[in-house]
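Two complexes are shown next, each including chain A; its partner changes from chain B in the first to chain C in the second.
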Partner chain A sequence: MTRPGFVLEVDRSTPPILTWHGEGFRLENLPAGRSRVIYPPEPLESLRDPDAAIREALASPLGDSKPLRELLFPGMRLTIAFDDISLPLPPMRRPDNRQRVIEAVLDIAAAAGVDDVALICALALHRRMTESELRHAIGDRVYDSFAPIGRLLQHDAEDPEGLIHIGVTERGEDVEINRRAAESDLIVYVNINLVAMDGGHKSVATGLASYRSLRHHHNVKTMRHSKSFMDPEHSALHSSNWRMGRLLAASGVKIFQIETTLNNDAFPSQTAFLQKREWEWSARDRASYVASTRALSLLTPRAARSLFQSIKAPHAMTSVYAGEVEAVHAETTRMVHRQQLVEVQGQTDVAIFGLPHICPYNVNSIMNPILVMCMGLGYLFNLYRGRPIVREGGVAILSHPTPWAFHPVHHPSYIDFFEEVLSETTDPVVIEKNYEQRFATDEWYRHLYRTSHAYHGVHPFYMWYWGAHALEHLGRVIVVGGNRKAVRRLGFSPASTIADALEMASDVVGDEPTISHFHCPPIMIADVK
Partner chain B sequence: MSGQLPGAHSPDKRLPVTARSWAQARSGVRRRIRTASTFPLGSPPWPGTVELPPADKTLGVHYDSEWARSPFARRARTALQATVANPLLRALTSPSVRGLDRLAHFDEPAIFVANHSSHLDAPLILSVIPPRWRDELFVAGAADYFFDTHPKAVLSALALNAVPMERQRVSRTSAGRATQLLDDGWSMLIFPEGGRSPDGWGQPHRPGAAWLAVRSSVPVVPLYLEGTARILPKGSRRPKPGHVTVNFGAPILPPSDGDSRTFARTIEDAIAALADELAGDWYAARRRAAAGTTPPLSGPDATAWRRSWALGAARTGAGPKADSSRWPWNHRP
Partner chain C sequence: MRALQVDRSLARFVTARVSSRPAAVRLTETPSPTPPGPDWVTIRPLLSGICGSDLATVYGRASRWFEPYVSFPFVPGHEIVAETAGGERVVVEPVLHCRIRGVDPLCSACADGRTNRCENLAAGHLAAGLQTGYCNQTGGGWSASLVAHRQQLHPVPSGWSDEAAVMVEPVACSVHAAMSAPPGAGPVAAVIGAGTIGLATIAAIRTFREDVTTVIAVAKHPEQRRLARQLGADFVANPDELRRAVRRATGSWILDNGQLTGGADVVFDCVGTSESLSESTAVAAPGATVVLAGMPGQVGVDLTALWQRELRLAGAYAYGPERNAGDRHSFDLSMQLIAEHDLGRLVSARYPLDRHSDALEHASHAGARGATKVVFDLRQEKRR
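Moving on, here comes the complex of A and B:
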């Protein structure tokens, strides 16, 4: 029986609490009597036979959709779009959900006699995936069937020939998506819904969109009015995507949505202690912790990064739904919430977030300072429903080495953003107004995005906007154990230890503040009452 | 005579040095070995006009290989495979394994069913099959071939955990033993063609594997082996190193209506589809499977030379070829 999430009130007998610190972790003591630790629910039971469940979902779709078999016919144009490398986190062991679903879809397409099939990796403005990353996501069989004949594509949001303007929503938002997908008789979109924000109309309206379309919801105003991204009813980002998705449906773009959910089994059995409650650690867990921290202390940062990036999570599929976009997404969101929601009573003055080694934008890459900000204030801070776990004007303490380091191939525009923009201002509104256009239309960044493996020139801006709501909400952000120069460049305060950070926080929130420690990963959503 | 050292042989008495003479010398050695193994040095043939004595009830299908599943024998087999068989097979066949992801969520006992063209097939499959099955797996071995003498029976049982199985029909003895083991949670490896392919093309499947799956309600995992016939074909005693591909298919549940004949055809089709995948790409193979145009494993219905010709063409297009540039001949990655 899977245990639900849990909130531990810290007392004098509470053991030190595991706190992530990039490519490593520490045990930290929290002040007794005024601290609490929020633990995620344990992993849900996985589907016993995922392949059979997929076949069943395709045959019995939700909403007003017909079974997939009835939507396929000889001579049609079929486009299968799928999520990129940003999902899931950490990357899952083979076979990936995308491979299972795409193979099932292609089996039906083969039986229906469909010849014109193309697969599109829905990158939006993310970097192109490498061959090995694609093989991991969709499997060798699919890769070898479509890549050699040029039918495995990666969405290009800067290809004027490859995009088509569908129309404008009632709020004046341009909807421009991939031409091949839009002109197909059917788009089958294959999702991995790691968090509640994923999937739904966001799949096509964001994943296959252009900068012209994305700028309508990836901006400071929308981000500040998404409270939070994980709560669809209170997310301006969600609303904008839904308007675009409905326009797509109204204009005749046919989408068959397939969404899968995973349990939060994020780490291999050798490091099972990473997702256990500390007082339940066995002798083996304790030995693993000591051995792994000792071993990590001997590694160079580069070696540690390679080691952590090689982790493949034993995530398992917990549900699969197919059919009409909104009907499917409602069921998927329910399953995501079932795995991730933790009921939390009230807010605290301070929240502690231990940042792990990975975020959606540094898979097989470096977590640079901008991504540290995005991970802490964009993702972890926003993993709430109702209200943030920290009160308005409170303090967020992030724990991460925050190296002054960038992946030159993946994040070229991040380097210039960090050097040129953040050295001038950290105010998202000013940044958006004065700098975004220049980076978004820079020919060199555009070239690298289209032909290399670089994120789009505007991507670091979006990362910064992602944290705009938290920046507006918080009184101070302190980074523990980070590169001091890099932390100051971000506009945050550096601290050496959690104790020092709490001491510094008292300047903002007063003595004896209440504290929440967000014990993540695995991912959870704090349902703050 | 000039230049000849004292004691040296004259040219007509020297050892043969040309390729032809060397081959003649080798065939002479073989002839002498053959002579030594025939009567009167070997055992005499049984006259056809004389009635055979009662069969030895401890050999053939009656051989009791229970001892080969004792803890001691299992440990010995594991050690033998890990230290001798597997390294040797890797060096000889450089196997590449595909399709194991199809078994990711499957951990029940299963009947592994494969095409058969070489003595390497069974040990090779044992070396690549995931441990959760390998540790409790028995091989259906031909009772009249692997269990006709005590040394062969002991070696087959110890090295492969082979269990004698009749090829021509499913007898009560062999079927009962296999069913009992399947019911006890063991997995099975069986070659439903009943013997190695004489020419590289597949032979018609016999219904034994399907019958056992239906009888025991155990899923069947189809396998296709490509390349073992090039390394050690039937009739050859000297293996020639090469490259082998093993393609695992998805488990197939036996039909609820108990129709083992139809199920046998399903298994044969599944193996043919796995072969087709290696010959081209997966989606094209799925398209052909859906249209019922998957090339059969049995090859064209034609004269021997045309079958042989077609086999050459099929092999040219099938999967990765033996890579002569691989290490240690070429150290570059």
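Moving on, here comes the complex of A and C:
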């Protein structure tokens, strides 16, 4: 039986709490009587036979959709789009959900006599995936069938010939997406819904869109009006994508949506302590913790990064739904919430977020300072429903080494953003106004995005906007154990220890502040009442 | 009188070089220099700056190139605001060219007004010395008294502080550097180094080079960065950020080995080391001009880019009539610049001669210590 999420009130008997710190973790003592630890629910039970569940979902779609088999016919043009490497986190063990679903779809397409099939990795403005990453996501059989004949594509948001402008929403938002997909008789979109933000109309309207289209919702105003973007009911990002999705449907773009959910079994059994509650650690867990931290202390940052990048999560599929986009997404969101929601009473003055080694944009890469900001203030801060776990004017304490380091291939424009933009200002509005256009249209970034494995030139801006709501909400951000120079460049305050950080926080929130420790990963959503 | 003096002493130069202390200079009592001719006057320094070439001398790092152009023992100091016997404040234009030396006929450069290119720095009635401060007959600014030819003296505008006046000579060097790049070179300039010369070069470009629209500065230290921005740099980069900054400004690309496909149209090297010159050629666009404003010594540089990109490497020494400014003299332009940008504020610290070791140490680490120009304050000295 899966236990739900839990909020522990810290007292004198509470053991030190595991706190992530990049490629490592620490045990931190929290002040008794005014601290609480928010734990995620335990992993849901997985589907006993995922392949059978997928077949069943394709045959019994939700909403007004016909079964997939009935939508396929000889001579048609079929495009299968799928989520990119940004999820799940950490990458899951083989077979990946995408492989299972795509193989099932292809079996049905073959039986229906469909020849014109293309696979498109829905990158949006993310970096192109490498061959090994693609093989991991969709499996060798699919890769070897499609890649050699040029039928495995990666969406290119900068290819003028490869995009088509569908129209403009009632709010004036351009909808421009991948031409091959839009001109297909059917788009089958294959999702992994790691968080509540993923999927729905966002799949096509974002994953297959151009910068011209994305800029309508990936901007400061939208992010500040998404409270949070993990809560579809109160997300301007969600609303914009929904308007775009409905325009696509009204324009005759046919989408068959397939969404899968995962449980939050994020770490292998050797490191089971990472997702246990500390007072329940066995002797073996304690030994694993000691051995892990000692071993990690002997590694160089690069070696530690490689070690963590090799982690493949034992995530297992908990649901699969297919059919009409909104009907499917409603069920998927329900499942995501079932796995991730934790009821939390009220806000605290301070929130502590231990940042792990990975976020959606540094898979097989480096968590650079901008991604540290995005992970802390974009993702973890926004993993709430109702209200943030920290009060307005409160303090967020992030724990991460925040190295002054960037992956030169994956994040070239990030380096310039850090060196040029953040040395001038950290105000998202000023940044958007003064710098975004130049970075977005820089020919070198465009070239690297299209031909190498670089994120689009504008991507670091989006990372900064992701944290815009938190920046507006918080009174101060403190980073524990980070490169002091890098932390200051981000506009945050560096601290050596959690205790130092709490001392510094008292300048803003007063003595004896109340504290929430967000014990994540695994991922959860704080349902703050 | 009291003066800081550099002797012809191999032991002192070696000690200075090995110990990284300013051992090549010593405080001594010495007779005041005698005017060598009727057009010469005795002047009493008020402030005298410490420049990079002075530091190279006293720390035993100067190039042997200068050996024929100095006469020992000499009193350093060529950035001078002084007072004449009549109480007039003057700044000294220190180059000891043909006219100062009584050489007739003038060399072709002096005849053309370009006295900084004089061919007779060791000729005439005066002992060898490329400038006041390197000649044993004239004395130098780091003392209570020196002699100067009337043609070397420029009156200090009324109302100016001594600090503003002592900046005239170094700022004139920067003006000359800024004007050395050919007109219409292109819109993007990079200035490497944010000491006195670098900062004043930024200001000079902003004031006198309308053809340059973007100035990228390289500065190591926070105060340098602040001043560089204040004086007109559009972007201030750390040394290791320069290539990317130039790339952004010029829309060029970075190749796999870090080379730029394009680059800045004109680069001012205001440091003069192997590293700064290498970086200057690395960020220069094909056909660009690299201006050496900082005094280099022996440097090791891969000149392949210079050859393949047809770069022009141009020295910028001292001052003279500026062809790109209607033949206005660098000193005039310097005074305009100092007034417009309040460059007297770049004088960060003043030391009496007694504390010459502290002064020189401060000057050699000026940037890291938040300083720009360090000067000797002789205003008390003259009353002794």
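Rule of thumb we're sticking to: the second predicted complex is superposed on the first by the 529 of 529 C-alpha atoms of A that agree within 3 Å, B and C clash if a C-alpha of one lies under 4 Å from a C-alpha of the other, contacts with A are read in each partner's own complex, and residues count from 1 in each chain.
Keep in mind that, in the parts below, a residue touches a chain if its C-beta (ideal position, glycine included) is under 8 Å from a C-beta of that chain, and two chains touch if they have at least 3 such contacts.
Since this is a predicted model, take the numbers as computed values, not measurements.
When both complexes are overlaid on chain A, chain B and chain C end up sitting side by side without clashing.
Once the two complexes are laid over each other on the shared chain, residue contacts for A:Tyr462 go to neither chain B nor chain C. Touch criterion met: A:Gly113 reaches chain B, while chain C stays clear of it. By the document's definition of touching, of the two partners only chain B reaches A:Pro148; chain C does not.
Between chain B and chain C, more residues of chain A are touched by B.
By the touch criterion defined above, A:Asp442 reaches chain C but does not reach chain B.
Once the two complexes are overlaid on the shared chain, A:Glu420 sits against chain C while remaining clear of chain B.
Distance between chain B and chain C in the overlay is 24 Å (nearest C-alpha pair, rounded to whole angstrom).
Only residues 412, 415-416, 419-420, 423, 438, 442-444, 447 of chain A touch chain C when the two sit together in their complex. For chain A in complex with chain B, the residues that touch the partner chain are 47-51, 93-95, 99, 106-107, 110-113, 115, 117, 139-142, 144-146, 148.
Looking at the complex, you find that chain C touches chain A at residues 235-238, 241, 244-245, 247-248, 251-254. Across the complex, chain A is touched by residues 98-99, 101-102, 104-105, 250, 277, 281-284, 286-287, 289-291 of chain B.
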